[in-house]
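Please find one structure pasted underneath; my questions will follow.
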Amino acid sequence: MKRMITRAGLIRAGVFFALLIIVPILGGPVWLLNLLIFTVMYAALSSSWNLLGGLAGYPSLGHVAFFGIGAYAFALTFSGSVGDGYSPFLVLPVIGIAVGLLSLPIGWVSMRTRADVFAIVTITFLFITQTLAFNLTKITGGAQGASVAAPPFDPATYDWPFYYAMIVLLAIAMGISFYFSRSKIGLSLSTVRADEDKAHGVGVRVTAVKLIAFAVSAGMVAMVGGVWAYYIGFIYPQFAVDPLITIGMVLMAFLGGRGTLWGPVLGSFILVPAQQFFAQSFGASQLYLLAYAAVFLVIMLFLPRGILPSISDRLRRRRAAALGAARDAEAHTADAVTPEEVKA
Amino acid sequence: MSAILLEVDHLTKRFGGVTAVNECSFEVQEGSITALIGPNGSGKTTAFNMITGYLKADSGHIRFRGDLIERPRPADLYRRGLSRTFQQARIFPELSVEENLVIAAGYSWRQLFGRRVSRADQDRARQILAEFRLESLLELPAADLSYGQRKLLEFAAVLMSNPKLVLLDEPTAGVNPVMIDTMERHIRERNAAGVTFLIVEHDMQLVMRLCDPVIVLDQGSKIAFGTPLEVQSDPLVLEAYLGG
Amino acid sequence: MHALIQAIILGILTGGVYALMASGQTLIFGVMKVVNLAQGALVVLGAYLTYSLFTSLGIDPFLSILITTPILFAVGVGVQWVLLRPLHGDDIGQLSLLVTFAVALGLEGALSFVYGATLTNVQPTYANFSWTVLGYQISLVRLVAFVLSLVMLGVLYLILQRTKFGRSVRATVQNPMSAQLLGVNSQRVSALGFGLGAATAAAAGSVFGMLNSFNPGSHYDLISRLLTIVVLGGLGSIGGSVVAALVMGVGSSVVSALASPIWSDFTFFIVLLLVLLIRPRGLFGAKTRGSL
């Protein structure tokens, strides 16, 4: 029930982003910056996924399709030249809005279904997008891939613009998540998640809020995809529309805690380094998939609600135990008032 | 001279081979507390679900406040002033009591982008909680309420939008006698304030005390209509309840 | 015209194999209300087992079904008992779905480790044998595969209709709560149901390995088709998924013959979306009764 913008919350966000910003300036090693780019990227993806999967309770398994669409949109726009290298970043909002609008009909069709079928329809959408990326060879280059022109950045600080772009996107995703949860949109989404039929019955604008969540979530993911394409410079269908990226978003939100502001971020800062470690240790043998699956299973079996909700639950229970007696007494009087009232 | 608020006209619903509601027609007068009773499986809840747009009727239609409702949809009807409660007291357990009330109050498109709970929302929620003597529960998660309290909360919530007609599906099922009295008192108070009620209820004593007129369904069709006394002595009704 | 009829014949024969895979998945959904995203990976596992039995021991791929089905039955029971049974919490449906995805990833990783990522194929001597009937080609393997799938579906049907386990399964599918009240052990039914679903994947996998080149990543292709089939068929209806599989098999083969193989799957995704647009519950999906 934290409804106010608390000072603690602001300080937490301030410190977190200050730390992120300062790493390259302090001269962190290249591998660290590279790892951080992907960590922040996943944090932004997972936070964006959380707008739909966490807040609205619609666990999309197809979000990487929007990531891929954003990546291709960026790559196709800037295959020739990127000018000074900075202006392409300014095109990202256009991509975000365009993909957000494009996602509306997809969201409308898929969100007519619930739970399992929704997951299936979105995963189908992922396969559709991948098929298109492979086969619309005239546009995407098919299996040959598509390239982005290389920006004329100073090699010493080459990674910086991408890193800061990812940080900005993460901040926007978290900002939207924060705004949603403090507005009637978030309240409406909570009712959709808890009991959609009942939500209709009390006049909640269910379709509207679901579509808002879907489109914003998709648009954000597309912008992250754009920066990703710019950073790696060359994209192939199997990497731009990789089911593992979808699973990454979902898993990180699950680990940290769905529907919370910091859960997806926490999940990413745990899982991305772990993933990179696995990939480096077992990459050649594909065993990292096994390791990844194992981590996945451990989270589902032992932390089904995620780290943050589990912690806040424990805190709440402890506080409730302390207040328990007092509250019980209060509740009893609330019940007990009524009979006298009836007789009177 | 009161007007007809709700008109149900030849409503029919089949599930596979079973006809749950069969050519059912009845009216609800503005300002009344009308009861809809019948043995188990007589189609009361199915009728409710069709009237409130949760279930598509196979044929027949409804008029509310004189307008033909072409495609009944729960949210539209709610905004037009027709709201309902559910048998199992459906509330949003993750939300606080206050938020449960606020979300049911309705909002404009502009308010959708505004604060989760505005000052005005708070005042309204407090006001209705005061009427229900539930002020102390304001901040609690609804999940922490007792079953009876949940039923009261659901009832209070649907009143937040100033409805014209409220459909109550077994408002006193499963709650203690004290809570039944409380519920009855609230229904009477609200009715005096101009809200019309259509109630499905199994507690016959309550129906006889509270409701007039009474509509009796059996096997999906209306078999009787009248004052509680008239209905009680109707041979068809006696047969439906005792025979079969 | 000739090409069209040839494509339809091919489609029916292929569709039969998909019907077998999809019926297993539908069975799992019916019993546990879990969409098994690992069904494709289980089929691929079945194909690799057949491959190993054939290349190292020389066991005929069709005969190997007698060995692979019990193995995958055990795998299925194990997955349910160890990974799905302990799940708890509000959204157990979402969790189960993700767990089956993890199983798919794990199988993909394990198979890549053992067999590598190169495409393989099970090639018995009769693999390319075919008859020509009235000018239409009918491949031996496809025909036997089709008949075998029908037989397996028949066995599945008999198990569901005639055995005590089958009755428990049907009771659980219709109403888990009252089945439990009637003394059905739902965890055991779930485990056996998952095992049976995996066993059909084994049988289908042996056949799949002869008809297609595959690698550990093939499960993505398979699962995308299977999901289309089971949703089209209306989750939980085995008859529906058989019909949907045949429709899909024929449609896909007709599109690839008349247009291009590239778009054959694609057509299906589009059909799925269109169907869901009109009937969100799928073609044969049961309408739920009005108790809200």
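In order of appearance the chains are A, B and C, and numbering begins at 1 in each one.
In this text, contacts are C-beta pairs under 8 Å (C-beta built on N, C-alpha and C of every residue); 3 or more make two chains touch, one makes a residue touch a chain.
These numbers were taken from a predicted model, which means no experiment stands behind them.
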Of the other chains, whose C-alpha centre is the longest way from the centre of subunit B? C
Closest chain to the protein's overall Cα mean, using per-chain Cα means, please. A
How big is the gap, in whole Å, between where the Cα atoms of subunit B centre and where those of subunit C centre? 46
Taking each chain's centre as the mean position of its Cα atoms, how many Å separate subunit A from subunit B? 40
Quick one: subunit A and subunit C, Cα centre-to-centre, how many Å? 32
List, in ascending order, every residue of subunit C touching at least 2 other chains. 292
What positions in subunit A touch 2 or more of the other chains? 197
Quick check on subunit B: which residues sit in contact with 2+ other chains? 54, 86
Contact footprint of subunit A on subunit C as seen in their complex: 29, 33-35, 37, 83, 86-89, 91, 93-95, 97-99, 101-103, 105-106, 108-110, 112-113, 117, 216, 220, 224, 227-228, 230-231, 235, 262-263, 265-266, 269-270, 272-273, 276-277, 280-282, 292
So in the complex, the part of subunit A that touches subunit C is made up of which residues? 57, 59, 61, 109-110, 112-113, 115-117, 119-121, 123-125, 127-128, 131-132, 135, 197, 243-244, 247, 250-251, 254, 285-294, 296-297, 300-301, 304-305
Please give the residue numbers of subunit B that touch subunit A in the complex, ascending. 52-54, 73-75, 78-79, 83-84, 86, 90-96, 99, 102-104, 106-107, 109, 111-117, 133-134, 136-137, 139, 141, 146, 148-149, 157-158, 161, 178-179, 181-182, 185
Residue numbers of subunit A touching subunit B in their complex, please. 1, 3, 181-188, 190-191, 193-195, 197-206, 208-209, 330-331, 333-335, 337-339, 341-342
